[in-house]
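Two complexes come next, and they have one chain in common, chain A, joined by chain B in the first and chain C in the second.
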Partner chain A sequence: MKSSGVIGRTLGWVDDRTGLVAVTEHAMFHKVPRSAKWWYVFGSATLMFFIVQLVTGVLLTTLFVPSAAEAYQSLVYIDEKIPMGWMLRALHGWSSNAMCIMMLIHMTQIFLHGTYKYPRELTWVAGVALCVTTLGLAFTGQIMRWDANAYWGLGIGAAIVDRVPLIGNWLRSVVLGGPDISGATLSRFFALHVFILPGTAIGLIGLHLILVLKGGISEMPKVGQPVEPETYREEYEGRVKKTGVPFFPDAARRDMVFCGAALIGLIGLAAWYGPFGPGPLPSPTIIEVAPRPDGLFLWLFAVLALLPPDTETFLILVGPPVGIAFLAALPFISPRGERAPSRRPISVIILCIIVTALAVLTWLGETSPWSPVMKAWTSIPTPVEYVRGRSPLELQGAIQLQYAQCRNCHSIGGEGGERGPALDDVATRLNWDQLVRQIQQGGGNMPAYGKNLSSAETEALVAFLSTLDGGHLPARIPGAMERQPGRDQSPTADPRAEGESDADADTVAAR
Partner chain B sequence: MSERPSEESTGVDSASANSSEADGCEGCEAAKGGGRRGFLFAAGTTLLTVGGGLAAVPIVGVAIGPAEAGDPNRWISLGKATDFKIGETVLVKFTNPWDSPTDGDTNENVCYVRCIDHATFQVFAVTCAHLGCPVEWFAQSRLFMCPCHGGVYYEDGARASGPPPRGLYEYVWRVEDGSFEILGGRLPGLQEST
Partner chain C sequence: MIRSESNHLRRRFLAPASLRLAIAAAAAMGFVGCDRLPGKPPPNPAPVISVATTAGFEGMWAERCSGCHGADGQMGAGFPMRNAEYLKAVPDAAMFSIIRDGVPSSRMPGFGGDAIGGVSDETIRDFIKGMHVTWAESDPSNDSRGIAWRPTGAAGDLDRGATIFAAKCAACHPAEQVAPTQKGMAIDELVAGSVTDPFYLRLVSDQHLRSNIVFGRKDLGMPGAAGPFRGPDGGEVTTPLEAADVADLVAFLASKRNTWPSGPEVEDGAP
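Up next, the complex of A and B:
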């Protein structure tokens, strides 16, 4: 505190009593490597979005009622009655996504550049703990949006907890605060979302920042400059002393530009797209819902659909802890050596695999081809060309196809479920007998309709299906595309034969 | 411990400099030694432990209380047994036998009742045996379908296809004086016997 003005004297006094001025000065003006440029802005952006979350979150707690009886109405009230309330919710929701994305980019960069190596192992471990906490905040935040997705999402969480061996059922009651999802459940998740997890995050962020200051900001990795714990510190300090720049303002300039732009982007997104939900009412009696998690967890939704049933419980329960433990152990598995990505091909390959897998799973989660389209049977029309010129029996079959909910899992004309194969060319793949067998006995993920359809209904259905040849595709197996055995073909004009000669139509039918 | 550490040694700065403590921390010395300081240390430790233990009773009690509350299941009437149409499966609402002022809609619940005849029923939970999404009944194809990961069940609740590891959960039911009742209250799960 060399300055002798009033400000200088005040700062000197504060520093004398608290020591905080020196600490702040060190944090602001410590030297950082000159090479710390745009790659280094994502951590700051994550922190900025966290601060946005704190501020908007505190305000939301003044408006949101964490009671299952009133939460939904209070959300609607915030959106519709509180001036700018919708914007507050929108900011909180969008900033949550932005924070998670910035955090993941930040982690990716740290991994790619080998920054977790000596002496920054614990900075990384604290970061992994922060990542888990942040994802916890995102999940519990979805519960605060007390709608159908939140309610049934809790049900899925409860079913997963219930699978823990021995104590699963006990643990489920602790998590839910009772024998079923109820007011107590929302209260418990509110405590997690508003007190426990943010408190943990604040503590971990403090630790993370102290460790960043202690270890120093890493340089951009250089080929041929491996990390040797014996000499690293000395060399790093030497280089930073010689060529480093003060964090503020030199390095912080880029953080400021990026964070400012990101903040404006956030406000734009929030203003344009508005808040998330709330969706349909969270009532256990409204079951015509298709619960979906938010975008961030869509990959998890896909995983749960795609895991083989017999290993599912094991993988759901053991996978995440092992994954997190492995992430945290990374710097101890590989504490030294080259940091440059070009010298760490295995790490780069692993990263590519993880990113690709997450992207593909997220896309699958978004399209969820395994889910039946529950309303397809009543809401999607039958394509006109599929009924034109069909016999009464075949037309009855077309109705049966809708009526028996076949289209919830099978598409025709590009519309309907994707759980089973599309039926547009089913007649080229299965002959009459095989169609009957498939419908009656099911198999290959299809339920058996044997007991549920009368023989007349089955016959009509098969008669219709055997006209679906994908628009003149040739039969792919012997006997396919023969109409009902022994049936007189003549009354049916082939629907696709318009303009063609009868002979052609017959050839098609007989093929 | 013939020579007691001077009083100044409690100061943070001078503690490490005090030669009499070079072989151990001050607390350890005090804990081991007798006399007033040893007594105070032991008393402090004991009081804190007892106090912490006492405070833990309500804290842990409330935290895990819901799991220790005993069996929440009660007989719940769903109406007259003869009101159900033979051969039909219907969605029936009921109210949880336990509640709190903040439950709101979650206090309501639903189940599927399949009436085979007026003395034979099946009562299914709406929650899928895979991961608990609500299954929907389709009377035309006589199937239950799950909107989440595509689990399908037959009308008797047996698993038809998809990821569920078993058939639908069933409630225990009885007909008492013509009233059709189920034993409900707890969210069914894989670890329940039904």
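Up next, the complex of A and C:
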């Protein structure tokens, strides 16, 4: 590079000391296949959204207060007091979704075109790692809002972690920074979202780009032009040398046009639909909540709701690691051969199945009534016919049913949540002991309430539930709808009273 | 090479000056109009309808109270507020603290105070007025015979309480837990099930017992202190309860509460 003039001499000096100019020059003007056209813009768009995330994220960090007491107020402050603060949050939120979607499209294209094959295996592996990191960023980002939906997302996450055998409890306190979701949890997720994951992502993006430059941009797949590791590199370089075009400006122009359009789309979405949340805080007196995770995790929400209970733990714990490991191993399973989709029917079918499944699950997650109805407990009265003729103890049970927020997930009289089964005829399905067991130990998707209810509260609740016979339906199992056999009127002799002081302390603490 | 590239760039990418000017103008106009973009979030918290109005009161009742106290203030699992005498007997200050802070260790949550989303003190005062206007002022009934809602005199006499209970309460509240809704039994509105059940007594405070005895639960067919009651023979007992009788009854019922090993679930003083 022999240039005269101040700029030229300065660049020459910098290049002499660092070699950076040459690297940049190579990155900008290296030859890429002529066939690399509009299919190749998605990776750049993902990167563009990531840069938007960095810029808006850094600005938000200067305004957001990562403390449990002030996070919510600081978001409201950004929305209302900072000029265009809401736009900043809107851009960050929409760009996060756009980045994930663009990344998935990019991955789909790479998979469909068999680009992960020799010699680009590691590029793909770095990409898979980026995919996990990006989803991690999206998940931790929704926690930053620290509203009821963030709680909900965390609750799902904690429940998944909790299922790990042996170390589940310990892992849960590592993730949450304690046994429960608290201020420490927010600090932890803030560190993840702002330092650890973005740092990881930047490192991985660098690696990914270096690998892309090293391996060269792939050509469009051609039928009858399989990848043979023995000859591929030589042939590829020969073709690119002969017919290739410089990345800048020929290929970069398409990237820029697409990124520009995507950016305009992003600004439009942000301006029209505004920021995500913050929704209401998770407080018992705030009742306008239908908690649901953000769009990208809706499919997971649906999976959790739909899996049969006995396979749940296994599939949730084993599924994702196996899936990610399989993705990462893909180029090693199939490093050579045809790249054209028309010659790889199995890959195409698998892709169609995955896309369809995710789309259907997301749709189900969006439309199905699995979310608890958070205001049911204070706003939906016990049906009058279930109040009439009940004993004082049973009425206390009905109050307990409201107070323990059972109806947020279970309906009676057609009102309440639909996450769990309706309870109108529960007495025909479960007998006294089964009701006690279900309430105390949980099961299915139901949490165990044993620690949160005293024996008297459980007794009252079960007494009330065992009157719900669906309007005198016959019992469906032996022992249903009979009074508890030999129920002891004197709790002094009641073995269930054992360890009760603890339970009571918990009950009070839980309030 | 760099210089030639930059010329190349200029030719390829940069728009003519007029177009640039137009873009800049559009951007400036955009920023001026930004505060009116549809995405701008509404003020937080959203304005609420004042509970001083009938619609506001009913809305708040439906949203936060009806779950336990019934859709129209009665026939809920919890104590009805559609009870003029009760509303008149409970001082506004006591009602205010119950609604704002809840009743500790009972199942009445607080709806105000410092919690974000809690309603303001002003709203709670308006809400109490709303209850009075809607349910109390037009109702002249006298089922409580003016007996105070809080205990006033000395603690009750347990043995006297047992006698009164047998004479006026036991016909509807037999000691054995009776479940009127069990299969094959006709619902008898007057057989209400045991109130001496130890589990029941552990869930309710003496104040709960007192409120129920004094003011009754007309919505469920239970009379207040004025009666009439059903005697052991099924006949009507018209002698009403005096203030001392109420204290005795509460003392008797409280003696049936088995607090071993952990004490009552509800601290006394809870309504």
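We adopt the following convention: the second predicted complex is superposed on the first by the 361 of 511 C-alpha atoms of A that agree within 3 Å, B and C clash if a C-alpha of one lies under 4 Å from a C-alpha of the other, contacts with A are read in each partner's own complex, and residues count from 1 in each chain.
Keep this in mind: contacts are C-beta pairs under 8 Å (C-beta built on N, C-alpha and C of every residue); 3 or more make two chains touch, one makes a residue touch a chain.
On a predicted model such as this, the values are computed, not experimentally measured, just so you know.
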Per the contact definition in the header, classify A:304: touching chain B only (first), chain C only (second), both, or neither. first
After the superposition on A, what does A:179 contact: first (chain B), second (chain C), both or neither? first
In the superposed arrangement, does A:403 touch chain B (first), chain C (second), both or neither? both
Figure out whether A:155 sits in contact with chain B (first) or chain C (second), or with both, or with neither. first
In the superposed arrangement, does A:312 touch chain B (first), chain C (second), both or neither? first
Partner chain in contact with A:127 - chain B first, chain C second, else both or neither: neither
Classify the contacts of A:79 with the two partner chains as first (chain B alone), second (chain C alone), both, or neither. second
Determine, under the contact definition given at the top, whether A:272 touches first (chain B), second (chain C), both, or neither. second
Based on the superposed arrangement, let me know which partner A:447 touches: chain B (first), chain C (second), both, or neither? first
Once the complexes are superposed, what residues of chain A are shared between the chain B interface and the chain C interface? 72, 281, 283-285, 287, 377, 403
Chain B partner contacts - residues on chain A that touch it in the complex: 67-72, 151-152, 155-156, 158-160, 162-163, 168-174, 176-187, 281-285, 287-291, 301, 304-305, 307, 309, 312, 370-372, 374, 377, 403-406, 408-409, 419, 442, 445-449, 451-453
Chain A contact footprint on chain B (complex, rising order): 63-64, 66-67, 69, 72, 91, 93, 96, 98-110, 126-127, 130-136, 138, 140-143, 145-150, 152, 154-155, 160-165, 185-187, 189-192
Given the complex, residues on chain A that touch chain C span 1, 3, 5, 7-8, 11, 72, 76, 79-80, 84, 86-87, 90, 249, 253, 270-275, 280-281, 283-287, 375-382, 384, 387-396, 398-403, 407, 454-457, 459-460, 463, 467, 469, 472, 475, 481, 483, 489-492, 497, 500-501, 504, 507-508, 511
Help me check something: in the complex, which residues belonging to chain C touch chain A? 1-3, 8-9, 12-13, 31, 34, 37-41, 43-44, 62-71, 75-78, 105, 107, 109-112, 115-119, 173, 177-183, 187-189, 192-195, 197-200, 202-204, 220, 258, 260-263, 265
